[in-house]
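Next come two complexes built around chain A: one with chain B, the other with chain C.
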Partner chain A sequence: MSEAGARGAMSAPRPGSASPKGRRRRGSPTSVGAWPLAFIGLLMLGVAVFYYWPIVKNIIISFQQTNAFGGDPEFVGVDNYKALFADPSLMSSIGNTLLYTVIVLLGIPLSVAIASMIELPGLRWKSLYRTLFFMPYLAMPMAIGQVWKIVYNGNFGILNQVLRALGVSDPPYWIVTPGFAIVAVSIFGLWSSIGFNVIILSSGLKGISRELYEAASIDGATGVKQFRWITVPLLTPSIFFLTIMTTIGGFQLFDVLFAMIGNGNPAESRTRSLVTLFYKQAFVNSDQGTGAAIAIVILVFVAIVTVIQFIGQKKWVNYV
Partner chain B sequence: MARKQGNVSQKRFIPVHILLILGGLFMVFPFIYQILMSLSTNPEIQSVPPKFIPDSWQWHNYSDVFTRLPFLHQFWVSVEITVLRTGVQLLLCAMAGYAFARMQFKGRGLLFGLLLAILMVPGQSYLIGQYQVIQNFGLLETPWGIVLPGFFSAFGVFLMRQAFMSLPVELEEAARLDGCNPWQAFWRVMFPLVRPSLFAVMITTVLWSWNDLLWPLIVTTREESMPLSVGIATLAGQHSTDYALMMAASTMAMAPIFILFFSMQKRVIEGLATSGLKG
Partner chain C sequence: MKRRSFLTGAAALAAMAVAGCGSKESGGSSSAAQKIDANTEAELTLAYWSKTQTATVTENIKSFNKKYPKIKVTTNLTGWDNYFNKLRTQAKGNELPDVFWMNGPNLQLFASNDMLEPLDAITSLGISWSKYPKALVDLYSYDGKHYGIPKDYDTIGVFYNKALFKQAGVEVPKAGWTWDDFHEKAKKISAWGKSKGIWGCASPINIDAQSTYYNTILQAGGYIVKGKKSGYDDPKSIEGLQCWADWVKDGSVASPKIVTDTNPEDMFKAGKTAMTWDGSWYAGDLATTIKGHEDDYGVIALPKKEKEVCVIHGLSWSVSKNSKNKAAAFALAAHMAGEQSQKVEAKNGTAIPAYSGAADAWVKTFPKWDVQVFVDAATTHSEPYPVSLNSDVWASKEPDYFIPIFSGATPAKSGAKQMADFMNAALAKEK
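The block that comes next holds the complex of A and B.
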C-alpha cells in the first residue's frame, strides 16, 4: 500500500494535478476569510524570524567589526572581506573543501555500478544488499567517526597493520599527517554518502521500462551495450540530481571532519574546510564580522558552482 | 518451476554476488568492528596484531557509559529535540503545504517563491543571525533553542504541497458539502491521505535531527544540555584513550536510529527515494 502511495506522491508534479475545477468557482469556501493566514501564518512568521532576518543580519554583520566583549559593532565596510582574502587559510580551506568534494563525487560512478548490479533483474538478496550499502547513511558521523579514527590509527589501526603485512614498512599516520588527513577524512565521507546515492539510483533504475531492454536484446545489444546506451542515458536525471546534492553537501563539509580531527591534531590547520573556518571564526574566536564574511563567500561559491552545473547539464542530461 | 529457473539463473550472477558481498562487507565492517570493540578491553583494542574477538565479553562497558558519562541526560535531550522537531514540523508543513496547494489567496505565488528561496541558501548564511535570535530569546543551552529554527522547513512545505496537489478536489468538495470548515476538511479528510509524504518528511527530519552537529554545538556548551551528537564530540576530547567506553557510548548513540529504521525498512527506503526525487 505504501508503495503505491509513494508512487502517487512521486507523480505529483506531473501535469493534470493542478485543478481547473478549484479555480472555476470564485469565492469558493477555501478562499474566504482568514483561513489561509491560519494555515501559513505561524510557518511564515517562523521563517521570517529564523531565516529571512538572519540572512539580512548576516549581510549587515559582514560589514561590521563586532566586539567580543560587548558594545556596539562598528561599520568597517569591506575590511572583513579584505582581511579574509589576505589570509592564506581561506585559500587552503577552499582547496580542502574542493578536494573533499571531488573525492565524494567519485562515489557517484561507484554508486551507479553498485545500484545497477543490485537492480539486475532476477538477482537474489536485493533487499539485503540495499540494506548493507544503506547503513552508513544512517550512522551519526560523530559516533561512527570514532571507529574510523581507530581504523586510521598509526600504531594499532587495522589499515596500517594490513599495510605493514603487505610490506609497506612505514605507512603514514593518516589523520595526524598534514596532506594525508584530508584524504582520509574524504574516504570516510565517501563511505557515508554511498547509501543515499544507491537509493536514489535504484529508484531511477526501477523507472526504466523493461521493454527497452527487450527491444535492445532483439537488436542484438548485449549487457555492456545496454548499460551504455539505455541505462546510463536514462539515469542521467538521477545522476544530475546527485551531482548537485553531493557538490552542495561537499561544500558543507563539517561533521565528518569535526568527528575525525580533534583539538591538538597537528594536521588541524591543513584540514580546515570553509565551514570549519566559519565555525572557528564566528563561534570559537567570537569574530562574527569575519565569520559572516566567510558565510557570504560560501554562499557565492555555492551559487556559482550550482549555476555552472545547471548550464552544463544541457550537454549531458536527458529528460524523457 | 519458476523457482527452479531462478536458482539456475543465479549461477551467472556469481561474480555480481561476490562483488556486492565484498562491497557490502566494506560498508558494514565499521559497525561490526565497533560492536566488537565495545565489548573488548582497551589493551585488546590496541593490540598488534589486531584482536577482533575479545577473550571475555566486557558487557560492563555499556553500564559504565551510564555511570561515568552524562549519557542518559544527553540521550533524553536527543529524544526530546527529535520528537518535538518532527512533530511540530510535520504539522506546520502539512498545514502550509495544504494552503499553498488548495487555497486561493493574495500573494500565494510570491510567498511560496520566497519560501523556496531558503532552500538555495547554504546554512552558514543564517547561522550567526539564528544564534543571535536564540540568544535574545534567552534560549541558549535549552532544547527549545536547539529545535526552534528546525520547526520551519521549506523543504517539508514543498513536499507536502506536491502531495496535496495530487489528491482529487472532489474529496474536499464532498467534505464541504457535508459541512466541514477548511480546518476539518484538512485535518479529517486530506491529512490522513498524504501519509506516504508525511512519512518521507518524517524520515529526513528524524535522521537530520538525531545526527545534527553544528547547530547544537553552537547553542549548547554545557554537558547536560547537549544532545548525543555533540556529547560524543566532547567525550572524544576528554576520554580519547578510553576506546572501549567510547565505542559502547557511540554504539548506543546510533542504536535508536537503526532500530527505528530497520523496523520500517521498506517504507524508509521508499520514503527517502521519494524525498530525493523531489529535491
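The block that comes next holds the complex of A and C.
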C-alpha cells in the first residue's frame, strides 16, 4: 500500500478513494474526481463572486447613470465614456500615472544593485540588511505617507532644513507645488518599493549556481563582467516579474496620494492619478457611471501594457 | 442686515427644496418613537467627524445610558475630509450608522434619496421644534418634513494673537473694522515677521470656503448660488475672490501652498500667524491648547466691506432610514440634541448649542474672549450657508478653480467664470 493510502486509512473518511467494492458515501458519487472538484468549485465560486462578478457589474454600471446612492439605474449607452473622454482631466491623470510608473520603475535597477551587494558572498549580517530594506514595506502606506508629508513640509520639513543649511535660500514647497508634487510623490513611491524588490531579487540571486561564477573566474572574468554576463541575465525572470508588478502597482496609484496630497492641495489636479480620478467621480461626485467607465479604462490600459510586456519579454528574459 | 433676512433666506432655501424635487414615499414609521423604555435592548452606531468634540459626545452618551442602560452605543469617528464620502458609500450599501451628524450641504441629497428617517414623530420624546432657531430647523427640513434636529450653529470671526500684534507694533483690531483695516494690519505684521516665518494672517483658503471666501463674497455684495444659477460670475462675487488674491500677492495673507502644508489652526496655535479667520468651533480647541495664556488672544467679528455679513451654518443629528432599531435611534437623537446634552456642549465650550438659551452658557466658558461676537453675528447679520440639492459636486470643484486665483496663477475673472460655467451645468443636472 502506498504511503498516501496508509495515511488515508488512519484518518477520518478519506474522500475519493476508489475502493474496489465501490462503496458509496453520502452525497458523493463513486468517481475519483468529485471531491477535488468540490473543493476547486468552492474556490472558483469565491473567485467568481468576489472577482468576476464585480468586473461584470462594473461593465454594466459603466453604461448606466444612477442617482447619488446607486439607485434608479438608467441605461445611457456610451454617454459615460463620451463624457469621460471629453474631460481634460482624463489625459492629465494618464500623464501623471505614467510619470509615476516610470519613476517607480527606475527603482528596479537600483534594487538590482542593492540586492547584488547584499548577496555578495562573504558579506556579514546579510539578514540584518535584508530586514532593514524590507521594513518599510511592512508599514502601512498611509502611515509612512504621513511621515513623508512631514519630511516634505515646506515650512519645517527636515528636507528643507537640510537644504537651507546647505545654503538654498528658498527651497520649494515639495508636495503643494504643481509640477513638483507628482515627482516628490514618485520618489516616495520608489523608496517604498525597494524593500519588496530587494527581497524578490535576493531570492533570485540565490537561485544562481555558484559554479557559474567559479567557472567564470577560472576563465578570468572579473566582478563587473560576472555581474554583467552572469548575474543580470540569470536575474531577468525576477526583473521581469518586478517590472510587471511595478507597472500594475503604478497604474493603481492611490493610497500614497490619498495620504500625502489630500483635498484643497494646490497640486491636487496636477497629481491626480487614474484611480484618484475614479475615486473622485464615483465617491465624491457620486457619479458612479463615469466612475465605472474610468475603472474600465484602467483595466484596458493595464491589460494592453501587460500584453506588450509579455510579448517584449521574449527578447530579453532568460529562462534557464 | 437683520435676523429676519437670515430667516427668510433659509426659508426660501427650504421652499426651493420643496419645489425642486418630487420625493418618494417615506415609509410610515411615525410610531417608531413610541416603543421604548429602560429595558429596551439595542445596539446603535453613532457617527461624527470632530475629534475635539469626542469628550462631549462621550459624556452625552453616558447620560443617555443612564436612561436606557441596555442600549449599547458604538461611536464612529471619521475625519471631516472624508466623512461624507464615507457616509455616501455606507448609504449605497445600506450600512448607514443609526444616528449621525448631518450638515446643510448634504441634507437635501440624503433626504431626497430616501436615506433619512423623518423625525416629526420625535416630539413625543420631548423635542420641541420651537426650541431651536427656525433657520436651522428649516435648513434640516425637506419636502415639509424634519430630517435633522439642530445640534449647534457656527459663525465666523477673526482670532488674533495680541502678543504678536504688540511685538510688531500694530494696534489690535477694533469693532467695526473694514477690509482695508484688516489688510493694513496683516501687511504690517507680515513685513515685520517675514524673517521669523510669521504671517499677518493665515486662513484655510485652500479648503474651507465657509471660514474664508464665502464671507468675502457676501460682504462684497455677491452671492454663491440662487436657485439653479451660480453666482460666481457676478462682478461682486469676483471682488470677494479677488481680495484674497490681492492679499496673498503682497504677502499679507499666507498663500494656499503654505496653508496646505501646515494647517492655519496649528500655525495660529504655534504663533506663526497673528490672525486667522475661523469658525466659532475653533474657540474650544484653541482654549484647550493655550490654557493659561488666554489673555494673549482675542476674538473679533469679521471686517466688513459693502456690508457686514457672515455665513452661518449648523449641524444636526439625523437618523438613518434603514436603522434596525429605529425606536432606540430616535431616543438617542432626541437625547443628543435635547436640553441636557446641549447644556453639556455649552459647558464644555464645544460648540454654540442650538438649543434656545444655551448659547449664553457657551459664551461664559470663554470669560476672557469676546466670543459674544459669534452669537451676535448669528442674530444680527448672518446669511445661510449656500447649498443646493447635490452641493458637493460643485463645492468639491471650488479648490480646482479658486486656488490658482488665490495664488495668482489665474485672473479672478476668468477662473470665476469657468467655475460658474461648471457649477451652472452641475446645477442643471440636479433633479
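Some notes on this structure:
The definition used in the following text is that the second predicted complex is superposed on the first by the 272 of 320 C-alpha atoms of A that agree within 3 Å, B and C clash if a C-alpha of one lies under 4 Å from a C-alpha of the other, contacts with A are read in each partner's own complex, and residues count from 1 in each chain.
Criterion: contacts are C-beta pairs under 8 Å (C-beta built on N, C-alpha and C of every residue); 3 or more make two chains touch, one makes a residue touch a chain.
Quick caveat, the model's predicted, so the values are computed rather than measured.
With both structures placed on the common chain, the touch criterion links A:Phe283 to chain B and to chain C.
Contact with neither chain B nor chain C is seen for A:Leu190 once the two complexes are overlaid on the shared chain.
Of the two partner chains placed by the overlay, only chain B lies in contact with A:Val302; chain C stays clear of it.
When the two structures are aligned on the shared chain, A:Ile175 is found in touch with chain C, with no touch to chain B.
By the touch criterion defined above, A:Gly71 lies against chain C but remains apart from chain B after alignment on the C-alpha atoms of chain A.
Contacts of A:Ala292 after superposition: chain B is touched, whereas chain C is not reached. Applying the stated contact rule after C-alpha superposition, one finds that A:Asn155 touches each of chain B and chain C. Here chain B and chain C are compared by how many residues of chain A each touches, and B touches more. Touch criterion met: A:Gly262 reaches chain B and chain C at once. In the superposition on chain A, the residues of chain A touched by chain B in one structure and by chain C in the other are 155-156, 262-263, 283. Per the touch definition, chain A reaches chain B in the complex via residues 2-3, 5-6, 8-13, 17-19, 21-23, 28-31, 35-40, 42-44, 46-47, 49-58, 61, 114, 117-118, 120, 122-125, 127-136, 138-144, 146-148, 150-151, 155-156, 158, 161, 191, 194-196, 199-200, 202-203, 241, 244-245, 248, 251-252, 254-255, 258-259, 262-263, 275, 278-279, 282-283, 288, 291-292, 294-296, 298-299, 302-303, 306.
Residues 6, 9-10, 13, 16-17, 19-20, 23-28, 30-31, 33-34, 37, 45-50, 92-93, 95-96, 98-100, 102-105, 108, 111, 114-115, 118, 120-133, 148-149, 151-152, 154, 157, 162-163, 165-166, 169, 172, 176, 181-183, 186, 194-197, 199-200, 207, 210-211, 213-214, 217-218, 228-230, 232-233, 236-237, 240, 243, 246-247, 249-251, 253-254, 257-258, 261-262, 265-267, 269-274, 276-277, 279 of chain B touch chain A in their complex.
Across the interface of their complex, chain C is touched by residues 67-71, 153-156, 173, 175-177, 262-266, 268-269, 280, 283-287 of chain A.
Contact residues on chain C toward chain A in their complex (touch as defined above): 81, 85, 88-89, 91-92, 109, 113, 115, 197, 204, 206-208, 256-258, 260-262, 272, 390, 392-393, 396, 399-400, 403-404, 407.
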